[in-house]
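See the structures that follow.
Common to both upcoming complexes is chain A, partnered first by chain B, then by chain C.
The block that comes next holds the complex of A and B.
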């Protein structure tokens, strides 16, 4: 077995690694280089040192995009995870002990699982069109149509600079919850049933079951979910592009870094400046992932 | 005119990646970017005054034509202009490409210097930055074309057969690099049949506008609306046109030339205040969340009285316009009796830009293709296929025009010499233009007043001036 092991491994890995290096790592490295230049994509690039990075922090649109990422980073994972945890607890354990003494979910939980997961399979473009109709600012919109029935004046979900970002975060939460319900359900089913049963026999109610038993044992899964959502919070490009007023508006109230990159490249032909934004985004994402892993590190419980 | 493209982030990164992968190492990259030719660009094309073939086109060379396949379609190229070119040079081969996302398809071809098309209709949401193209020497100087004998009358130069101001509209960094082919008239559009039935007449002053708006509102219609989601520029056109009417075209020239204090000019502030009042009082804030087609359809359904747009509107809305709906064009109302231009003044702009690649295989062919486009037959065919008028004088004679185009003609006749000039900063300084969209929505939906609007725009213009540095562009007329 030992003989020929390395050629075997190399044979398998060579092609993917080369592809990865050329199509992923290569462009990344190039972006760092281009970030130091002024380049319009047509003419030879001209080195300007760190000027692009200095300009970035005077750029009003870019700095407001950074603030938006901070808000999204706080609210998106929190809202999604709390809702998903609640649902998956109900689906898996919330029904209490069954006849044979095993824990069950609420009635029809299989059906609910499918319903919750459904938004996940929708493409962002479809989501955009869908929520365009949901949020439509007059009575023909779904929400405003309902509000009009109870006599509330139309809410300007996407037109009000104070509401727009939250409306968009709402869409992302709505779409994301299903995936995490399934993820946490898988996590919960890997927790041995005896643990729940033992706790239930000792008189633990649903509340105690959730906070004292389920949550600690799910910590690893939760951590993964947090990182995924955190990284998603640094993106948001597609949904903002299709849903927001005036692309990132009104009044830049929903813009995100990726959208600013897009604008710099495709509207202003500032490829160097856009790359500088990309580099900042890269480090932000990396720092976030590293920090989260550090801060949330806990003792593992082996079953 | 615009379409929303749901471009995914992945696409963007992919493209960035493609550009980068195409040339590992910046040294290689720059080698690609300059594409083998010199920085200053390709062959000099001259006209020798020969009425048949002034640019000495080699019929053995194929001509690669790229047409933006958007609102105007590309039938006018495949069925009118390209056959004309082939008739003029029998046996010549034409490679036609109809493309929607011009920038995505062509930018890599220009930056790598391979397979550069000869003629490009640079239009649509994803058009290429012509300033950047000009800087890299990719645009062919069209001076020889404007001085060449025209197809219809060899005694006349091409520049004398087209609308005044069209050559200037195609200037980039002071050189005539672009051909703006379509003539567009801007103003307020309404349903002439509906107005006739109700006994309403388009207002000549903002005072009349407000009085009529009350009547319209009482009749259950929204008096005025534009689409804030993606077409806030329709509204800033109206503001700029009114500013020019108040203070003369110089107001707009100053804005284009980034003159200090151009935006804080009282004419701009008055115009902004007048339009902001109309939109905050006689429109609805829900329109900020709608796209242009949604608002236009509402107008077709008889829910909106006035809609600001250009003369492509009728053609764009043709599929959803009921038979009873007859588009009519009204000039923007006068702000005061002291306005520099009369009520009848309208903006007639040469737009839809075409260019010939200086570093392509066949710039001579491209110039000749343009000369054919600018013949009466070429222009007439274009109007028939696309429903838009061209810059070619008298080309629409003998054509049966739609109600909308008929009213455009009438408006142009009434305006005479009182033509509001086009704003070129929209293409020259994209960042300034983006800021204007944002500030227009802030103004029109009541978040800012006219004074703040002017101050914010002045700030953006000052920044544009600083960024442009020595590359600042100017126009004299």
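The block that comes next holds the complex of A and C.
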């Protein structure tokens, strides 16, 4: 089996590695270099050192985008994880013990999981268009249509700068919950049933069962979920671009770094400046992942 | 919710699961021997169903509403959101199909995703197999290079990627889109499949070698079939990820409308000033983008849920 080992290895790796280097690694590395230039994409790039980075923090659209990421980073994972944990607990443990003695979910839990997960398979861009109809500012909108029936004045979900970002985060939560329900369900089902039964025999109520038994044993999965949502919180491009009024509006109240990057490239041809934003985004993502891993590190419970 | 703190009974699991629905909660959690606990449990179970049903409605209603709106007239769409169309018009579906070219975009998406997923799986499995099963100098470096791609935000690469695509003259071509889809799907594919190939027993491959099978033959005829469960999960992951792509198509095939893929087309149709004020057609277009996905989802929901959450669970 030694024969032809290296030709085989090279033959199998060559195409994927070249493809990956050209389209992924190369661009990532170059981005750091371009970030130090002023470049419109046609003339030769002109090196300006760290000027782009200094300009960034005086750029109002960019700084408000940074603030939005902070808010999203706090609210998106929190809302999604809390709702998902609640539902997955109901679906997996809330139904009590079945014939064979295993803990099980409430009735129709399989059906609920299918429905909840559904938004996950729909493209975010398509959800953006769908939620334009949900949020329309008069009675023709699904939400305002309901509010009109109970006599509440229409809410400007996407036009009110104070509300717009929350409305958009709402869509992302709406979409994400099902995924985490399924994820946590998988985590919960890997917890041995006798752990629950032992706790139940010792007189644990549902609250204790949830906070003292399920949650600690689910810690790893929860951490994964938090990281996924945190990384999602640094993106949000498609939903903001498609759903928000005037792409990031009103008055930049929903803009995000990714959208600013896109705008700088395709609207103003400020390629160097856009790359500088990309570098900042990169360090934000990295810091987030590193912090999360550090903060959530605790002894693993083996079972 | 409060009530469940009172469930203190210590009896063994009581009612069979298919007892009456109302009573079913009594079997919940801790058991439910005492009547008070049974009632509390029943209330809990009832509330659970309310909460679950409300969320299920929240998910389904906007989607169903969109289907219904596709049968309305423009005026009806701008009226009360919660009335059904006075008469059901099918013509918006026809306009969405022919004027807005939804059929074309659907086919484009199918075409691009089929080829790029196939290539992703082939190239990803090849790379992962070599990285998992062969020791050679630089293998760790290459593995790390692939895996690091999972951590970077795509937006960092946006400018140079755009330039690379232009310089290779694949801007506004299917080839460009497919190559980029494959390249950006490789990190997770390689990461996942490397872990998967490592778990497969070595003895089978060794036996194949002894029987005279070459490296290629061992890979395609022995290892690939053995890796099927992993391959299926990650194929689904890639199909859905690529099918739903929005950013990559809008930077790689922005100009050539004939090559647009579905999410890009729908978003553009919707933003382009209300699509000639033809809202029913937009709703029909949206429905046509959603319906096939829902059908496929319902058929394969188990595999899809497993595929999308693969890699997140150990």
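As a working rule, the second predicted complex is superposed on the first by the 282 of 303 C-alpha atoms of A that agree within 3 Å, B and C clash if a C-alpha of one lies under 4 Å from a C-alpha of the other, contacts with A are read in each partner's own complex, and residues count from 1 in each chain.
Simple rule for what comes next: a residue touches a chain if its C-beta (ideal position, glycine included) is under 8 Å from a C-beta of that chain, and two chains touch if they have at least 3 such contacts.
Computed from a predicted structure; not experimentally measured.
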### Task
Check the residue A:114 against both partner chains and state whether it touches chain B (first), chain C (second), both, or neither.
second
### Partner contacting more residues of chain A (chain B vs chain C)
C
### Query
Who does A:31 touch here: chain B (first), chain C (second), both, or neither?
both
### Task
Pick one for A:67: touches chain B only (first), chain C only (second), both, or neither.
neither
### Message
By the touch definition at the top of the document, which applies to A:261: first (chain B), second (chain C), both, or neither?
### Response
both
### Touched partner set for A:211, first chain B, second chain C, both or neither
neither
### Message
Is A:201 touching anything from chain B or chain C once the two structures are fitted on A? First, second, both or neither.
### Response
second
#### Entry: Touching partner for A:135 - first (chain B), second (chain C), both, neither
first
### Summary
Shared chain A footprint, chain B vs chain C, residue numbers 22-24, 26-27, 30-31, 34, 41, 124-125, 128, 136, 235, 237-238, 241-242, 258, 261-262, 265-266, 271, 275, 278
### Task
Give every residue of chain A touching chain C within the complex, in rising order.
1, 4-6, 8-9, 12-13, 15-17, 19-28, 30-31, 34, 41, 83, 86-87, 90-91, 93-99, 101, 103-104, 106-108, 112-126, 128-134, 136, 139-142, 144-146, 148-149, 174, 177-179, 182-183, 186-187, 190, 197, 200-201, 203-207, 209, 220-221, 224-225, 228, 231, 234-235, 237-238, 241-242, 257-258, 261-262, 265-266, 271, 274-275, 277-279, 281-282, 285-286, 289
### Query
So in the complex, which bits of chain B are touching chain A?
4, 6-9, 12-13, 16-17, 19-21, 24, 26, 29-30, 33-34, 39, 103, 107, 110-111, 126, 129, 131-133, 135-136, 138, 228-230, 232, 284-286, 288-290, 430-431, 434, 437-438, 441-442, 445, 447
### Summary
Residue set of chain C touching chain A in the complex reads 4-8, 10, 13-14, 16-17, 21, 24-32, 41, 44-45, 48-49, 51-52, 55-56, 58-63, 65-66, 69, 77-82, 123-124, 126-127, 129-131, 134, 136, 142, 145-146, 149, 151-153, 155-164, 168, 179-180, 182-184, 186-187, 190, 206, 209, 214-216, 219, 240, 243-247, 251, 262-264, 266-267, 270-271, 282-283, 286, 289-290, 293-294, 296-298, 301, 304-305, 308-309, 312-314
#### Entry: Contact set on chain A toward chain B in their complex
22-24, 26-27, 30-31, 33-34, 37, 40-45, 124-125, 128, 135-138, 154, 156-159, 161, 235, 237-238, 241-242, 245-247, 249-252, 258, 261-263, 265-269, 271, 275, 278
